[in-house]
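What follows is a set of structures to go through.
Presented sequentially are two complexes of subunit A, the first with subunit B as partner and the second with subunit C.
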Partner chain A sequence: MGSLRLVDISKRFDRVEALKDVDLEIYDGEYAVVLGPTGAGKTTLLRIIAGLLRQDNGEVYINEVQVDDLPPEERGVALFFQNFALFPHMTVLDNVAFSLRVKGLSLEESERKAMDILRMVHLDHRAYSYPRELSGGMQQRVALARTIAAGVDILLLDEPLSQLDAKIKSEIQYELRDLAKSLGLTVLHVTNDVEEALAVADRIAILNKGEIVQVGTPVEIMENPKTAFVASFIAEMNLMEGVVEESSENRVVVDIGGGFKVESSRNGFKKGELVIVGVKPSSFKIGGDGKNGLTGKVEDWVFSFGFRRVTVQLDNGSRVSVKTERKDIERGSSISLTVDPRDVYLFPYLKGGLRTVLAEVSGVF
Partner chain B sequence: MPEVKLVNIVKRFGNITALRGINLTVENGEYVCILGPSGCGKTTLLRIIAGLLKPDEGQVYIDGEDVTHKPPEYRGVGFVFQSIALFPHMNSWENVLYGPTVKGLDKSISHRIAREIMRTLKTIDYSGLYPGELSGGIAQMIAIARALATGAKLLLLDEPLGALDPRIRVDLRYELRRIVKGLGLTAIHVTHNQEEALTIADRIVVMRSGMVEAYDTPENLYWHPKNLFVADFIGKVNVLEGFIKKALTGGKALVELTGGISIEVYAKGFSEGDKVVVAVRPENFEILDRSEADKPNLLRGVVTRARFMGDYYRYDVTLESGERVTVNTPLYRSEKIQVRKKGEPVLVRFDPEKALVYAYPKRGIERELSIEV
Partner chain C sequence: MVALAVLVLLPTVFLASFPIVYFDEVRYEVFENPLVGDENLRMIISVLLFSFKLSISAVIIDLVLGIPLAFLLARGRFPGKTLLETLVTLPLVIPTSGFGFASLLTWTTVSGIGGWLGLGRGILETSATIPGTGIPILMLIVHVSLTLPYVVRTLQAKLVELNPVYEDASRTLGATSLTTFRKILLPQILPAVFSGSVLAFARSLGETGATMVVSGVRITAAIAVVRWEFEFKLGAAAFLGLILVLITWLIILPVELLLTGKQGIIKPPPLIYKTGLEKVFLKLESKLSKRGLRNLLYVVCIFAVAILVVIPVIVVGESVVAYWYADPYTGKREGGVVYQLLGPPNYLPAILRATAISFTSAFVSTYISVFLSIPLAYIIERYRFGRVLRAILKIPLVVPSSALGLSTLLMWGPKFMGLITPGIWLIILTHIVFSVPVIVETIIAVYEGSDIKLYEDAARTLGANPYYTAEKISLPVLKEGIITGAILSFTHSLGETGATMIVMGSDIPISALVVNMVESLAIPAALFTSTYLIFISMALIFVFRLATRRK
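Moving on to the complex of A and B:
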């Protein structure tokens, strides 16, 4: 059994409000991810749940019992630290078996169980190596095995895959989810990596500057990001500023400057209002005579896994990227784009406009 | 303008041979990525180009001049590391100004250079901030500005985006390429991230264990990798085993897979009976209903894992042969795609031109794909 409920959690460090009124519920057996950029407050949140840090405000419930006055070891959670440390003088097997020994299992029993867990993280062949003989990624898998060996129902994982090479990570992440599911664990996993979140999560909560800004299943979040920040954080999204020119049921026309108008099938924006328009690189069609025609010049293109990502300097001065399987796009050539109104996102305008959104996402521009 | 040529570079550390005879030419104005698993010798190679390390054998030429025994200052290179190495007690402006100043340039010239570079890199607004006050992305841009302010036309970047958040890494790689192309620089950029290399480089050097496995454009490496290691290292491939059953016309051949199914592929230079592997990338597989069984190159299987990944669905399918393959179905190819569920019986299909065929590796598939030689 393992459910987790956070009510109104706030935490301040001197000048930084690390967490602001965080409410979050994680169900028994659920794999939940808190996703947000570095500095969002993810580690702080896990430390509060684990009992290593006291919140200024709010309550933590584990299995519907308030645990705020319980010490870490009595909360029934295991925390995988972002900056984990293995015991350097113990073998990989002993590092993992240690948690089991502490719980009172016999030497033989704990080694057998430790070996089972090492097999799950593909490290059984290195059971008798010492940590220093392993790569950073392997050490991280040992630390993960050790967390699982704690044998509790709730795992708190702080960026558990960050040290792995891209290629290994893209395999292990799915296995981590399968493993948690097969053991019936409840997991709260925090990361700054969207792909990792999508690979493992039942539900994702997006954390930005200490606040949870959206919670939903991967499909809900990816298909309906609520703000320009979320949209741009979870995927490459072309964002442009504009003014609503017409607004009716399921049809909003936005003037994005330079004579360009784009139509969106979204609702809820008023005539004259400033908005942020979002279009995914894969939503643009090159050529054709669909709606929302835009023209520009091809500035550059790069190749990725079987497609090209084309940078287009639009004739209204903004720059967009376009994903295409076409191979006949030349640098410097003129290009016309269209986009289906159903694929045009609209987001509320923010003080400071697009610059603020982009600065929040990437800290650049 | 810098062109870099490496001739038979060898470097040993005690009994480790970190580089085993590297030959490589980077053209003037080119953006080249060095891609390989950790420990394959990428940093060592970059340090040798920079002059921070001497090779045991071989020569380094920059613009046709043998600089093997010349110090780093002489080579006109700017170096950027993964760990952001700004001077902590200097603000951004002073960090950038450092290079032109120690070169002994006139104060007004130094200031002009620093200002121009910082404007180009859109970092001028951060001039007064100290490294501790900057986000990782900005700090790395300042480090690049500092490297460029020395007047370097050759930029050497060692995992420059490695320490940044994944989302920032994506934005910055396009920005980096834009800067390098805009200023007409030559760049050599080390990374272990496949997607980063593909989307930033004009050409990619694939390294393994101190050797160059391949050197080609991203598109060629992706579509025509010269061996199974390169095919798998540049993104993943699903490997199916079989043998050549019959040569067909037009460069095609019929391959009988382990499961007994015959498929059509393009394969040249093989004889009937040759053992081969057929490699297909996850995004080059298509998933069909069992009812669409009239097309060629169909494999029957059952979905064993299904994940929504934003831009695509990722399925693991266990084939009737027992082999497990990964299939990525992009969401942009059609507006409404049918989502498959775990346990669903399906057919997996691929176009013959999207399959890569190699002779069965003598030392077995696992050894062939291993990052050690």
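Moving on to the complex of A and C:
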């Protein structure tokens, strides 16, 4: 059994409001991911759940029992630390066996079990090394093994895959999920890597500046981002500012400057309102004469798995990124783009405009 | 290196060579005295045994009190932390004889605790001993007060440098706070525990000023050295000094060589599993790891500091007030503080001059010592012969300070090199001899087991030259150790009496002035001067601490 419920958690450090009224529920056996840029408050959240940090406000329930007055060792959650925190004076094996030994298992038994777990992360051959003798990726796997060895139902993983190289990472992230599922664990995994989150999560909660801005399955969030921040952060949408010119039941026309008007089949915005327009890089079509024609110049392009990512400087001055399989793209050439109104997203305007959103996404405040 | 050799090592070696050079004299006095035979030798043995018993007991109590205090100061956040820190350091500042005097008043007279409790007498006899051990309680109390700062400060510096994330990790893996302490913290801080204990042990072994005041009839080795010196039994004095050094080495060296591993981390043997003790420990730890109990422990430790340090200070302060205008018992104005300071004895100008001398010499000697200690600590850590160097550096700590003073005087002074006559410069030179080892120890305590070598290598590969690396990378990380060492050495320098009196000539610093006052029976003036010194030093440490506090 392992369910986790956070009610109205707030935490303030001297100047920073690290968490604001965070409500989150994680179900038994679920693999949940909290996704947010650096500095969003992810580590703080996990430390509060683990009992290493006391929240200013709000309650933590584990299996529906309020645990706020319990010390970390009695909460029944295991925390994977962002920088591993492997005990430097112990071998890999001793690190992994630590939680078993403090429970009173004998030397032999704890060693046998720790060895089994090390085998799961393919590090049994380094059991007698010291952490400092291992690479970052290996240390990360040891830390993972140590967390699993704690034998609790709830794992809190703070960026557990950040040190792995791309290839191993995509392999290990599925292994990690399978492992958690096969052991029936409830996992709260935090990361700033969107692809990783999309790959492993049953459900994602997006954290921005200490606030949860959206919770949903990967598909829900990809298809229906609620704010410009989520759109840019998750779906890598192109964002543009504009003013609503016409608004009716299923049609909104937004003036994005430079004489360009884009039509969207979403609504909920009034005429004259400032909005942020979002378009996924893959939603643009090059050439053609559909609706929503935009023109510009190809600034640059780069290869990405099987397609090209083209940066276009639009004639109204804004810059968009376009994903295409076409090969006849040349730097400096003129280009015209169209986009289906159904693929044009609209988001409420934020104080500070687009620049604030983009800064938040990159984690720079 | 040369400066180091000349300033620190030479006087030390000079002292050690003394008994060999004067071996005839030694043999005559110690082994084949025509009058008493080997009486002196037996005396030496019994005195040594007593000294070791006393110092080891003091260190054990230091550890019991010092580990929780260091933890509280390093990890805790509470109002009054800087104050507690200052209080722990305080016994170093007070001239040791003054502190001994204050403790004597506090424990054995009606002016102290006994009077407060309305007993009409002191609560202790000077000669009272711990039953079954023969250790005088008062002496032990004084030694614990004087050596506790070394343990607390060394450990605190180490703990501050140690990343608390390991403790966090251990807790989330199911270990209680005491189990975490035993399995995670202790192995990492053991080198610092060791350094602190050695400093404390050495200091206790060599302590003279306070011990003389409270000793009653029992004699420690350090006191014996000083007595023999005054009786011009130089050979015997030097011989005992040498034995003191050798025995200390015999204790320190093996531990240092065998126990501290490559990373300054000590791996415990799996013995406690074999004997099944582990389970007992775990059970006990989980019972005792209650927050309330832990706070109780802290309170007990703070209370101990209060009794050891604060009350003697208050007693002295109270006496100053009582003696302000006149002697409260005889009513004579001549026995009052005001009369002695401003009246015909006119101590005030002497006090002011002494203040200037004390602070100048403490500041200059600490400053120079810091600069000598940093490269020295580096050499000790980086080279194989470093361990030997480190062991040699312990000598100035164990040798009774007056013997050390004598040796610097003999070496630099008119009799041997004739370079420097007694005075402030010789005070500074002498203080450097025992300041350097203290600072080196505290730096090493932080250095060992830290990641500094890694940072240094990183900086080097980033194109920084070794000097730049040391300045920008190592020094900031070692800051805690350096600050701690500087505070310990500065305060020690202010309070040092034994060596200072031998080398001061006519530049009388405040610690020696207090002794002079006591000797000329100007007790009120002595009380006032001690109080005055205590408050100035407290203010100074306080300001220094605030100025260097971590952001």
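Some notes on this structure:
Following the convention adopted for this analysis, the second predicted complex is superposed on the first by the 357 of 365 C-alpha atoms of A that agree within 3 Å, B and C clash if a C-alpha of one lies under 4 Å from a C-alpha of the other, contacts with A are read in each partner's own complex, and residues count from 1 in each chain.
Basically, a residue touches a chain if its C-beta (ideal position, glycine included) is under 8 Å from a C-beta of that chain, and two chains touch if they have at least 3 such contacts.
Since we're looking at a predicted model, the values are computed, not measured.
Partners subunit B and subunit C, once the complexes are superposed on subunit A, both fit on it without clashing. Of the two partner chains placed by superposition, A:Ser333 touches none, neither subunit B nor subunit C.
Between subunit B and subunit C, it is B that contacts the larger number of residues in subunit A. Once the two complexes are laid over each other on the shared chain, residue contacts for A:Val302 go to subunit B alone; subunit C is not touched.
Shared-chain residue A:Ser99: touches subunit C; no touch with subunit B. With subunit A as the corner point and C-alpha centres for all three chains, the angle toward subunit B and subunit C works out to 90 degrees, nearest 10. No C-alpha atom of subunit B lies closer than 6 Å to one of subunit C in the superposed arrangement. Subunit A meets subunit C in the complex at residues 47, 50-52, 71-73, 75, 77-79, 81, 83, 85, 87-89, 98-99, 101-104, 106-107, 146, 150. Considering their complex, residues 163, 165-166, 168-177, 179, 183-184, 187-188, 263, 265-267, 270, 273, 278-279, 282, 289, 291, 449 of subunit C touch subunit A. Listing the residues of subunit A that touch subunit B in their complex gives 37-38, 135, 165-167, 170, 174, 178, 192-195, 198-199, 218-219, 222, 233-236, 282-283, 300, 302-306, 309, 311, 321, 323, 340, 361-365. Contact residues of subunit B toward subunit A in the complex are 37-38, 122, 135-138, 141, 165-168, 170-172, 174-175, 177-178, 181, 192-195, 198-200, 217-219, 222, 233, 235-236, 281, 283-284, 305, 307-311, 314, 316, 330-332, 335.
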